[in-house]
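Structure first, then comments.
As written, the chains take the letters A, B, C and D, and residue 1 is the first residue of each chain.
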Amino acid sequence: MNKELLELFQQTRKESLHICKPLEIEDYLLQPADFISPPKWHLAHTTWFFEAFYLSKKEDYSEFDATFNYIFNSYYESLGEKVLRSNRGNLSRPTVQQMMEYRAYVDKKMMDYLQKDELTEKEVEVLEIGIHHEKQHQELLYTDIKYSLGTQPLQPPYKKVFNLDEKQQLPHKWISIDAGLYKVGYDGNGFSYDNETPQHQVYLDAYFISSKLVTNAEYIAFIEDGGYQNVLLWHAEAWDWIEKNQIELPLYWRKIEGQYYNYQLSGLASVDHNLPVNHISYYEAFAFAQWKEMRLPTEFEWEVACNKFDYGKRWEWTESAYQPYPGYKKAGGALGEYNGKFMVNQKVLRGYSVATSQDHARKTYRNFFHPDTQWQFTGIRLAK
Amino acid sequence: MNKELLELFQQTRKESLHICKPLEIEDYLLQPADFISPPKWHLAHTTWFFEAFYLSKKEDYSEFDATFNYIFNSYYESLGEKVLRSNRGNLSRPTVQQMMEYRAYVDKKMMDYLQKDELTEKEVEVLEIGIHHEKQHQELLYTDIKYSLGTQPLQPPYKKVFNLDEKQQLPHKWISIDAGLYKVGYDGNGFSYDNETPQHQVYLDAYFISSKLVTNAEYIAFIEDGGYQNVLLWHAEAWDWIEKNQIELPLYWRKIEGQYYNYQLSGLASVDHNLPVNHISYYEAFAFAQWKEMRLPTEFEWEVACNKFDYGKRWEWTESAYQPYPGYKKAGGALGEYNGKFMVNQKVLRGYSVATSQDHARKTYRNFFHPDTQWQFTGIRLAK
Amino acid sequence: MNKELLELFQQTRKESLHICKPLEIEDYLLQPADFISPPKWHLAHTTWFFEAFYLSKKEDYSEFDATFNYIFNSYYESLGEKVLRSNRGNLSRPTVQQMMEYRAYVDKKMMDYLQKDELTEKEVEVLEIGIHHEKQHQELLYTDIKYSLGTQPLQPPYKKVFNLDEKQQLPHKWISIDAGLYKVGYDGNGFSYDNETPQHQVYLDAYFISSKLVTNAEYIAFIEDGGYQNVLLWHAEAWDWIEKNQIELPLYWRKIEGQYYNYQLSGLASVDHNLPVNHISYYEAFAFAQWKEMRLPTEFEWEVACNKFDYGKRWEWTESAYQPYPGYKKAGGALGEYNGKFMVNQKVLRGYSVATSQDHARKTYRNFFHPDTQWQFTGIRLAK
Amino acid sequence: MNKELLELFQQTRKESLHICKPLEIEDYLLQPADFISPPKWHLAHTTWFFEAFYLSKKEDYSEFDATFNYIFNSYYESLGEKVLRSNRGNLSRPTVQQMMEYRAYVDKKMMDYLQKDELTEKEVEVLEIGIHHEKQHQELLYTDIKYSLGTQPLQPPYKKVFNLDEKQQLPHKWISIDAGLYKVGYDGNGFSYDNETPQHQVYLDAYFISSKLVTNAEYIAFIEDGGYQNVLLWHAEAWDWIEKNQIELPLYWRKIEGQYYNYQLSGLASVDHNLPVNHISYYEAFAFAQWKEMRLPTEFEWEVACNKFDYGKRWEWTESAYQPYPGYKKAGGALGEYNGKFMVNQKVLRGYSVATSQDHARKTYRNFFHPDTQWQFTGIRLAK
């Protein structure tokens, strides 16, 4: 078992560097909004995680640089003072080069221990969480790089030829699910986050769920029917958000001489009518569903039906608020800060997206964001 | 049937004036925070509701003052421009006297129509909603007056002798509920809001729920154990709220020479250890439950068990986010703006409080507020 | 001398009440912006001034209410804690009636002392400052009432028939002043503020100053020539202010079907082309002068020339920043907080306006406001 | 004459690169506060200035990159849309390398024209302004780099061995100046900014001015006497600034175990008691002078006396607001935006500092900043 984990560890660490390869050194520092972290910070923080939760427990480990704990801790209040999130872009030091040396140092030490030790159960758990944590940050690397380049005046492409896996969808049909008691949540043997457990039963009324994500063509129809101007389609807080930010189009879209364009990782391009709409906030997803006189599925409706449709192109907003499952216990200590403390004011997204690490997909996986979040690869599936 | 409704209408309209009787004219304008509305505005807005949704449909009705629609509309975007919520306290005109005349005029007109007409089904519905709407505002009168007087430097009492119904609670015991399928939501014949429907089934795991609300004595133990300083007990957003607002005690509490005092509608007084803790935000309720190593009930756990315990002293925070029930349809037109558009970022509270109009209580009633709300009469019931 | 002062005291106190006579009780609480104080506060604060600086020095004086020192202190940091300026409108208590009793009590006590005592030099000084302080607040009563009523949706008039002294101006001519050394500042025997002293010499180059204030007709020409849209006419900070507040017209102006209207204390009315433009910020005055290819006078150019023209309709913006005169010493103790601590980031205005108490006018008088201030009765005189 | 200018041009361009030599690529992007610009931006913007105001007037010039006009314009509203100042740090592209190529391209083109052309008078003027503009930005490079490195958690030194010219001051004496008429402002033949003209006369009362800047030792005495806690020493707006930002020490100072340290470009070090205090806002300079029962000189007192004392270590705050001289005319076109539009809400500083380009010093030079500015190399000279 050590061996598989070890390979997964190595492959994961390599992948993060691979994602950053097209970047210029200057790009590693970008933080154009508070919710964005600079690529340098992602690479260092995921490394710090292994140092703080794994290596630092070893008596003979000596840390690479004592100041990094303060600098690359993210949100673990219980692990001491940390740099304000909004100041991550103000750290020019350590340099990218020094951060790369830090990664190499930690990788080397991890491999040394992983190769020689019999891992305790706790260590396996920490290692698995560390790997999955880094996979999450790989997705954030894509979303944050896209935002940091796509909101610059020159909108430089990340890579001139670059395609996330955007193959076409199958035709739409309505999938019908009967009323009844269903089991939801994780009970497998592999890795899962604490928020997916315990498995439990829910009762669902009969419902229909679409086999296909809403396309750009459908969303354009909403725009052109005045969807962004019709207050009755929106939540009260959504309307405030629309007005304050003067939102009239999805993130990264522009209308130039009557045509719709959107920024892609390969640069600015015409909106492809057949692709699923992308970078949609929950507020927009809800308003679109209202306009269609349908609704979004709950997270359990989604989970129960998901074997019957294709998913994995977009994170899919559900109507469900992010809340603990019955009997949920959060982990003790600093790791306990991981999921539970975000269980308020956020909506659950299900599935995964073209930017998600493939091993990261799991039908019980619960992603969560505030309802105004747009910079993730998010889309809309309808239910009724 | 007209007769009962008519009496309820009259009694409700009278009650609003009764609540305001101890006020000075100056008090009618107070709006010390954006979430507070001045008493004058409450009295006028509840009147406007009957004018806008009932009287204005009558061909022979002539309105009291055409400008009032603009001034006393609250949040109905679809009914035209309105005064910014935060500017309600800046309206000295109409005067209190003119507003009273407006009330009298509308009451007179309403009685005229109610006495002579055969009410249509739609009219009965509007009338019922209008009455319940006013009862809600009666509770807001208490909460807003308490806030407006209690946060002034001189903390004037609302009435020197005044007691909401604060009789003692019965001793604590754990009520045990079996796992199973339960029906929740409203299916009666009387009045209910659209958000309580449709009735539907939910599956609940077995659970225990306390027969008694958390008392001030218990809450003081939490305070004195450093509850407000222990980051691990709080949601991430709760901790930001604590830090930004430097919160160390519940709203209206002060610690003077080692003793706890709180502002009551009858003035500043020692905290009564036996009473249920009051003016608690969801954030605080959750942190308290964490500290107890228990949790808050969901809204359905509460509804299924509520016949087995006493309630009605405090609005009780539940763990449930405010979301539509399966199959929920919001009403058409302006009335449709009533509940549905608030179904994001809010938590459900169940029961009712000592400040609630008695006829307003209903075991399926879903109250909702943002998780940082403190100025309502809110408390804590534990589950496990 | 006691007698004259005593009469001035009585007349001044009476005048403040006279100004408030047309108000409804509700109007006494209005504070629609932080820079506005409610009429009740003005009446109480000017009373508090006599209590704090005069009566409280008397051994046998017993104060009306010990809490009022905290409530009606304005900005005297050295006299202890005070209510946040922005919370003045949240004080419903003491009521208007109680505040009136406070005024009567203090007036009675003042008269008792003034009639029986031989006043010390210090007491005369305090009394004079107190009277002039109240006259300043009388002007603020007009400006604040105008703002509080004029920005309400219904724009109620203060008094349906009401004219401040708006007689027409004489025709324009250029007054020529020779270069030379001039004395400026106060050296008389009567009352003056510390900021007008010491008298000193300044050297002025030759200049021309207009005999007439800029009229509404001239200002409309500026508006219609795109003055508010031409960035080159404005200071950088002015342009930020224009953009942030979307300013296109002077305060209280509206354009309705091609016609200009402005709110007056007697209600909304057509703009009178012949009157001097009113409620102009320094930013606007400067931009207008740029547009005319002229400039504003300095405060010393104004003072040296003022005997040769009519003034007293508008406070007149000068190009001079508010700074201490050479050799300026601020008064000791709390009274020393009066003027000196505002000597940064403000511009000097000279003359007086139709809203100013007549006895308050003095050609060396230095009024001062931030350059974005609009709610005073301010206008433009050009120089070149 | 072309030759001298040409050498000055070359030397100036080289010096900017020299200042940036110790930086890492990552440092070129830093913008930790809105008032800071990243080094890359300074280098590009000073280059853009020559392109926009000189090269672009040449018919046969083809620009390096058409997008740079938008990106590296600073505040010239009349030259078209520009990147928000606060977004300068979010531009990773062009890269540092590309910006260096831009500099080289513009330098080459400039040299070509300068060597072959007979310069028009207008061109000489633009060239001189461009050179002085770049020298100003060289000083900003020092101040911005110091801020960007000194406020990072690790406080990396700019260069481990680095001394700006901090030689000791001569002993203090009071310089006495007689009352009289003095000429101030620029009338020489060399370069000056428009705001230093026209030369004109001012009348000054007799005064004393110190020969020596206030030292760290003297400033520590102010700190330890509670200067930062004594409200009576401060302007009202200064006190708000102190409270809002919790200021207790000058910028870059820390107190560690009773000792004072400050960040220098060579890293953190003990405060040297003999050096002139540095990084002082006008608010602090004024409060210090109040505490000493003295005052700051006016800009004219400074100019008239400056030949009698040593200056050039710190920019010296004066009591004078930044205002136009009598008869001041701002230049036409975009260059006219250079100085005049900032003439409000700022204070004049005189002299120059150890971070100023030497050729940039001129006794009539008027520097100006808002009164809360700390990150410049600013100090205090007293007068009485």
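What we mean here is this: contacts are C-beta pairs under 8 Å (C-beta built on N, C-alpha and C of every residue); 3 or more make two chains touch, one makes a residue touch a chain.
Predicted, not measured: the structure shown is a model, and the values here were computed from it.
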Other chains in touch with both chain A and chain B: none
Identity of the chain that, by mean CA position, is farthest from chain A: C
Intercentroid distance (Cα basis), chain D paired with chain A, Å: 45
Interchain centroid distance [CA atoms averaged], chain B/chain D, Å: 58
Centroid spacing, where centroids are CA-atom means, of chain C and chain D in whole angstrom: 37
Shared interface positions of chain A, touching two or more other chains: none
Chain pairs that touch, as defined at the top of this document: A-B, A-D, B-C, C-D
Chain B to chain A touching residues, read off their complex: 75, 77-78, 181, 200-205, 207, 231-232, 234-239, 282-283, 286, 295, 298, 319-321, 323-324, 326-327, 336-337, 341-345, 347, 371
Residues of chain C that touch chain B when the two form their complex: 24-32, 40, 67, 70-71, 83, 87, 89-96, 148-149, 151-154, 156
